[in-house]
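Please find one structure pasted underneath; my questions will follow.
Chain IDs A, B, C, D, E and F follow the sequence of writing; residue 1 opens each chain.
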């Protein structure tokens, strides 16, 4: 059936952990939200929203990328060890797949772990890799139109998709700002707000009793070891 | 075959952990019960009732939502660490799927963890998301009719389904009250009784011997780590 | 092929852990035995007998129901923590499924955990739910006939199947007693013998060395965590 | 293809852990060997030989039966806690299934755990149950013929198959002795040699260093928790 | 496609852990190498090379056989507890199955665990069983020809295949030596070099820090518990 | 669809953990990047990029090879015990399989563990084995052309593919250097830069608190135990 996503701008990204992606569907482009949340645990990962293999792999890439660079990103190591991460993409009944949500997945997960909100007027698309490249994706014209329709002010696209944007008529793009990425590093500063809503060190702090419990059992301590996808 | 649900009002929600949902079937709407129970354990989740992927994911969303907000909801952290949660949807032989039971699943699980009963005269439908939105669902007219037939006094519907209700003739709705939700936060106060049947701190208290045992083994301590669906 | 069950009354229920269910098959009703046994372990569950998903879920419901009420049922908590439970339904080569064995599964498992034998002249059918309801099932006439043929003196049926019994001619039922259940609570007193064959506290007692070993490893201590169905 | 089993009598059952079963194939009856061996471990079970679901479940039944009665059978509890059990049925490339190897599986496993050899001139067939019944099986005539061909002196059959034997001509049976079982209890005394080749307490003794290691890790200590079938 | 194996004699078996098997393919016989290697770990088993179920089961049989006899074979118990075993059969893209590589698998694994090299001029074929028999296999003539082509000096075949060799013309066999096995015991002395390249006690020694770590976690200590086949 | 890989030379191998492989596709040869990264953990392996069974097995072979030789390769044992390894092959939506990426996988993983970068002007193809051989692969001509197109200066090919190169016209190869491998040992010195970007002992050092946590739980300490492929 037709894939519809809700574009209520006011409901977007009012808390850390939500990023706005751009989807291509047979009925045109649309925006979709990537939601990430954490709760005290032991480093497990839950993925819901009927995501296909490739999209789940994008989530794994985002997590590995952040875990390998946690210090420079000011993410406390406790965030990976003593918390569980849940990633969801509404609407729950619509199967979703493909690598193009990589940048949005990275943004949502980086947002929850840094406690810095994604800027509410942004949307993004692009495949990510383990070493930090942003690779080009398809459906650029439809995605740009969907962003405009949803009231997005600025979109982030892969550098290698610049030629696809140049083929869109200028008045279609209008005042929509377009920025290009060819690596993942600048994402935090371009896409996330400068200030965290809360000091991540404080937010991810857990009592010693919790640490001891996680260490004393097989909680598979400091990594996103177990992917419990409801499949 | 035809899906039939039992609507014996007296048997509904006399204990915490039972919520009344609304289902759409090819034969019309019907009410269905969501049952949640807990027993001493180590944070495991069991789901039964022949639920499909999307409906299981709704249960995961409900649990992640509650775990991320346990303090403001007055749920003791012990409830997630030292107890197992079982969710069942009768009738056991009828396959069930779809995201529209999200609000009812959240209500049943919140009810068992807060020990506050769901108000017995209510029914509800709506998809939930990780960050707390209530998304619209289908089959509103059939569901409203089913609620009336079952003697329900008030139904909770997604805000975005208001237009679907406006298309139903007034005399069909009669004195059935309709309330709209666009976020999940108010659910506890709207749907659960004010007073718990028992202080949740008392109810979920476990002896130290149990805590030590859970910590000393791989009980995967404080989270709903393992979904043992009998599938 | 034709499903045949052995109805040797003398071989029935001479030890705790065996209950007599009633099955519907394309060739008429039949009785089937539910067998439950325990051995020292760590709370694991094994199910054999080529049971289908729905029937395995019934077993899960029976166990969760008993675990949530262990104190009032006089089941020592050790029974769930330091013992493994095996449920089998002969004949091993005949696939079996459906929710109607719920009451018999509950009876067999309650019997082994309370060490009270199921009364040998009884048979039963009915779906169970997590919060304790007994739901109606199909094939009542065929099941009643099978019970008579097997020399059963009394059958327990769901309350909501009373109308199906009323449609059977009186002389077919003869002196077979029929009792109705609409909740699971009374089952212990109606179906199990009053006296345990052995004090369950004594039976389920284990040496400290066993407790320490279970706590010290990942035995997933006090719950039926792992279902190793040979499938 | 045609199923061929090797019936070299001299190679049979010269050590504990080997029992001789009787198989029915489209090409007639045949004998098959059930092999069981143990090695220091932590209670794991390995099954090989391309066994189907029903036959694997028979192995589970045999093990649960022995574990629930280890004291009366003089099996040291250490045998289940600190050793792994491997069951194999040659020939490895021939798929095998069905419940009729139950008695032979029970005999082979009882033999390895009691260290008493199966008497070399015996063969057996019959389904087993959890509470100790021996149920009838098919292909009796073909199996009896195969036993004779292989030089077997005595076969054990289910009591309820007596009628099938009575239909075989007397001169076909010749001097083959036939004994009937309707329960599993007498198997040890009928089928196993009186004296163990080694005191099982000595054989299954392990150093404390091994016990500590098993307790200190998640070896899932005292049960056949994990079935690693190479499938 | 056509299965080709490389028969570079010089590259064969220059280190412990490599044995030369004989394969039958639709294009004739061929030789194939079985590779085994160990690295510090906790008793895990990895199998690669696109092996089918039956061939993986042969590997399990070889390991169980060696684990049950480690003392008489002079294999330190540490080899199973504190090391992982990897078995690979090149070429990685060619699916391989069947029980006839059993003797070669046993030889490769015995070689790595005893640190005694397989004699470089040997090749072998035969199914193995848990209690130590060598069962006959197919394709004997093709395998013998392949061994000759590859410059093999001596082949080991199952005793029960002697009749297949007698049907091959004498000048085909030429000076290829043929030796027969009906049990697995003599393999070590017939197939492995007398002297280990290194004292296995020294080779498999690990520091206490490693032992403690393995004991302190769920490394599933002393057995080949977890088969992580990349499948 | 057509498989396209990005050959931006500047983006290649600027950090340890990236190697350049050569792929054959129905549309001709292409280069592909193998990415490896590590993050603090407990020896887990994650593989993404829609790799097929055979390619995943190549990764396992590379890891086992390195783990068995860590001392001579100057890889700290901590790298396997206290870190997780992630291997990814962009582009994420393109399924990839086959054994020919073995040498490139080995190079990428060796690079991350030794912290020595792969020389940026190299590309490679070849199947690897557990004992260290490099086996020949297909599509040599197409791969050589792709390397030239991508600006590669030197390619490493299996020794046994030398004859395939000799069939390519000289002017096609031009100034592309070709080097042959028949064993895996020399790879480190031929393909990796001499100097690590950082002392691996320093890079893989972890605080004692991390070591204790990994030992105290079931982190499956020192090996690549659990392959969580998002599949």
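Following the convention adopted for this analysis, a residue touches a chain if its C-beta (ideal position, glycine included) is under 8 Å from a C-beta of that chain, and two chains touch if they have at least 3 such contacts.
Since this is a predicted model, take the numbers as computed values, not measurements.
Asker: Smallest number of touch links from subunit A to reach subunit C?
Answerer: Between subunit A and subunit C, the shortest chain-hopping route counts 2.
Asker: Specify the angle of rotation obtained when superposing subunit C on subunit E by their C-alpha atoms, rounded to a multiple of 5 degrees.
Answerer: Angle of rotation between the two copies: 120 degrees.
Asker: Express in whole angstrom the distance between the two chain centres, defined as the mean CA positions of subunit B and subunit D.
Answerer: Roughly 49 Å separates the two chain centres.
Asker: On a C-alpha centroid basis, what's the spacing between subunit A and subunit B, in Å?
Answerer: About 28 Å separates the centre of subunit A from that of subunit B.
Asker: For subunit D, give me the residues that contact two or more of the other chains.
Answerer: Where subunit D meets two or more other chains at a single residue, that happens at 214, 216-219, 226.
Asker: Assign the assembly's chain-to-chain touch graph to one of these shapes: line, ring, star, complete, other.
Answerer: Chain contacts: single closed ring, each chain with exactly two partners.
Asker: Since the chains close into one ring, what order do they take if you set off from subunit E toward subunit F?
Answerer: The chains follow each other as E, F, A, B, C, D, starting at subunit E and passing subunit F next.
Asker: Could you please specify the touching residues of subunit E with respect to subunit F in the complex?
Answerer: Residues 6, 11, 15, 17-18, 33, 35-42, 44, 46, 48-50, 84, 86-88, 90-93, 210, 212-214, 216-219, 226, 228, 230-231 of subunit E touch subunit F in their complex.
Asker: Quick one: in the complex, what on subunit A touches subunit F?
Answerer: 53-54, 56-61, 64-65, 67-68, 70, 77, 81, 98-99, 102, 127, 129-131, 133, 135, 160, 214-223, 225-227
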